[in-house]
Amino acid sequence: MKIIIKYVLLDLLRNKTILVYTFILAVLSVSLLSMDDNTSKGLLSLLNITLLFVPIISILFSTIYFFNSVEFIELLLAQPIRRKTMLLAEYAGIAFALSIAYLLGVGVPIFVMSYSTAAVTLIISGLFLTLIFTGLALLIFVLFKDKTKGIGAAIITSLFFAILFDGLLLSFIYSFSDYPIDKPLLGLISLNPIDLARILVLLQLDVAVMMGYSGALFKKFMGSATGSIYSVVCMLLWVAVPLMISMKVFKKKDL
Amino acid sequence: MKSIPAIILLSSFLLLAIADSFATITKVNPGPNSIHNAIKAAKDGDTLLLLKGFYREHDIVIQKRLIILGSDFPVIDAESKYQAFIIMRDSVTLQGLQIQNIGKASITDMAGIRIVNATHVIIRNNRLINNTYGIYFQHAGQCDILNNTIHSNAKGEINGGNGIHAWKSDHLTIKGNSISGHRDGIYFEFVTDSRITGNISYSNARYGLHFMFSHNDTYTQNTFKDNGAGVAVMYSKGVIMHENEFLLNWGDASYGLLLKEITDSKIEHNRFIKNTIGIHMEGTTRVDVQHNLFQNNGWALRVQASCSGSNFLENNFTGNSFDVSTNGTMMLNTFNNNYWDKYDGYDLDKNNIGDVPYYPVSVYSVITEKIPSAMVLYHSFLTDIIDQVEKVMPTMIPDKLKDNYPLMKKLNL
Amino acid sequence: MIAIEHLTKSYRKFKALNDINLDFKRGQTISLLGPNGSGKTTLIKSILGLVVPEGGTIKINGSEIKTHWEYRSKIGYMPQIGRYPENMTIGQVIRMLKEIRKDCVSYDEELIEGFRIPDYQHKTMRSLSGGTRQKVSASLAFLFSPDIYILDEPTAGLDPLSSEMLKDKIAKERANGKLILITSHVLSDLDDITSHIVYLQDGKLMFYKTVGELKHSTGEEKLNKVIASIMKNNYLTEILTNENNH
């Protein structure tokens, strides 16, 4: 497994898309952090970029990469290797490469220019999003045979989590505003890793009070240590579950 | 006939000179009941000079026209059980004292210095440390409270007392004091025609300044910082607020300035920085908000629909999460010539006034106002889109709430 | 060596493989022939474990493959389209496979040398022509000297010289008692090296005969002529009836 990860990484670290992705992230981070004298505001802008770019780039790039590697995967599977091992190794290679890109593009500028708890939370959330959406790409890859359909599914998935889900959430809040919905809301938020990441970071910034202003329960829970652990566990599940389903489906997949 | 005023003048000078010649300066040393005894022995117009030291005395009632001076801040300690000074006579001066450890009682409000039915009292350069109430006015008038340091450590809103508490008084001047760690920094109830100037009120459990039913007061050049709930001005008219700073009143249900049932008042040249809510207005009538700076607040302004006739003119709004929010669809106040950093209109005729109006209320803020739970979507991509769409096709926000002449450049405030 | 019984596979309604029974032995060179979509690729992918059959069994050296994976160390596979990660160099691809196949100690680098691969091993896969990729794929298939070779369209895109070199290599390995499975469209290429022919159509096994038998029954000498006449004269039915008579 280590061998495959190593060679996938060797390949990806010279991949132009990954290099451009790293570069764009770095330029955005440096300019946003240095433009605003208020670091909390710079972090907020970086949060928005992380929430928008990381999922979409991760899922699209990984999906395309997986589909482009079909022949290579066939070749590997013709070797005495377990299917599971091969798939995990491919996933780990891509996830690792994208994580390195994020760390270099966003992590390093943040650590150098405005180190804080919120910054660390932002980086961890960004890494989680990378892992999660690469995992979802893997799931798409094993579920679809056709590359075009797969890319379509990747776009729809990222749009769903980036916008559509929040739209549904908003209409839910609208329809049930007369009821105590704080608790169900908490559960619903866990169904979207992007929302989880957003709230996790927001609660570390001083704008957290904006959320506590009304939904007291929300801030009380999510702002507490238990809340942070809960969100991290949810994120871990978001990494693990798609991976596990992928393994299971891939066992039976015809290449 | 001409000489009569001259004679009166002369004789009054003489009288004063005689009175002065009788006035003595008595030095007081620490000892059992030494202040009590000195007051007993003194007569109107005398000066008591308390020498440096520790005076364990309390409930010192002053019913003579005395000047009590401290040398090197003598300490008057009320052993956390009693009150220190009770002034019941006009024209008393207290200066240079350290008054500490006032008691706490549920029946009476225990104060370091209590002024009852007196006028022209001067409280100057004192330190009031760890007291329930610092300075307490009750039916007082024309008093000056100058350059005192009033500090306590009230834990909650319920147990603590106020730094400067005034009830049914008028013509007070409160200037250059530093107040912290009380329930309210300065509390006014039925106080009129007073001036609060150049004070700093910070880290108080509730309000930095609290006004109730107090008309025609002016407060200028004060700093209110880091207070539990900011500054509250309620049920008053003719209040003038000038050049104050409202900083870091940051937390759940915290305001820079809370206005409730305020009429004919002026808010000018103030700075509201990093407050959860810059100004919250409820039931106000004819309040002019001009030349203020609103920077990095959660909500710069929350103007409830019950407000009317107010003018928001030539203010700077920068870096606020929400510029204005409101709970209704009616807006009976006007916004003109303000600078909004979120304004993205254009200025073709280069007159520094944007050619299209600015709508300071975002749809998302309207939604959260109606349904607070929607705040969980704060900073999500969706809400940004909704706001952008609304800009193109306004449907939800009050259409009267707009700035027809938004400025292109920040005002120099 | 490879025993296939009642192998069935369908994609939705389409039957890719319909009850295939085959038995391949050591020292055979088998050409898998058939029109596009006849099930050739599905068959070899089933043997490689890339396609999961829905019915039937495949046994290699007597043991069923199922979800086992170790058996694949006995197979050298040359895919039809040799696409590798773009930014990997040829050297890296070879080294990677060597690292994966730690079980193998001695390498058969005859083709690597023959194709002069070390001369351009620093080139990235992206920059290679189709022919060069084929050479890499072929070299990799032979690198670990397995018992079974599965070559999917091996000579497509190869220059005549390399093609000959590969054919010599195949013949040599066959002489060593290896089993070689080849799918190919270019029939004339296979004339010299094929011993058996498997003909598939619409997922059905049409026949599995030696080249000699076929030449005899059609009266043609060239293998491509043999096949052409089979296809043209609707000869299949006749052969089928013959087979059924057996």
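Labels A, B and C are assigned to the chains in the order they are written; within every chain, residues are numbered from 1.
Note that a residue touches a chain if its C-beta (ideal position, glycine included) is under 8 Å from a C-beta of that chain, and two chains touch if they have at least 3 such contacts.
Note that the coordinates shown come from a computational prediction; the quantities given were computed from them, not determined experimentally.
Which chain wins if you rank chains by how close their C-alpha centre is to the centre of all protein C-alpha atoms?
That would be A.
Give the label of the chain whose average Cα location is farthest from that of subunit A.
Farthest from subunit A by mean C-alpha position: B.
Give, as an integer number of Å, the spacing between the C-alpha centres of subunit C and subunit A.
Going by mean C-alpha positions, subunit A sits 42 Å from subunit C.
At what distance in angstrom does the C-alpha mean of subunit B lie from that of subunit A?
49
Centroid from C-alpha atoms only, then distance subunit B to subunit C, rounded to Å. What do you get?
Centres of subunit B and subunit C (C-alpha means) sit 90 Å apart.
Provide the residue numbers of subunit C that touch subunit A in the complex, in ascending order.
Against subunit A, subunit C makes touches at 9, 11, 45, 48-52, 67, 69-73, 75, 77, 79, 81-88, 92-93, 96-97, 99-101, 103, 137, 140, 150.
Could you pull out which subunit B residues touch subunit A in their complex?
Residue list for subunit B touching subunit A: 250-254, 276, 296, 298, 319, 321, 367-368, 370-385.
Once bound in the complex, which stretches of subunit A touch subunit C?
Interface residues on the subunit A side: 3-4, 7-8, 10-12, 14-15, 68-72, 74-83, 251-255.
Once bound in the complex, which stretches of subunit A touch subunit B?
For subunit A paired with subunit B, touching residues are 38, 41, 44, 47-48, 51-52, 162-163, 166-167, 169-170, 173-174, 177, 181-182, 185, 189, 194-195, 198-199, 202, 206-207, 209-216, 218-219.
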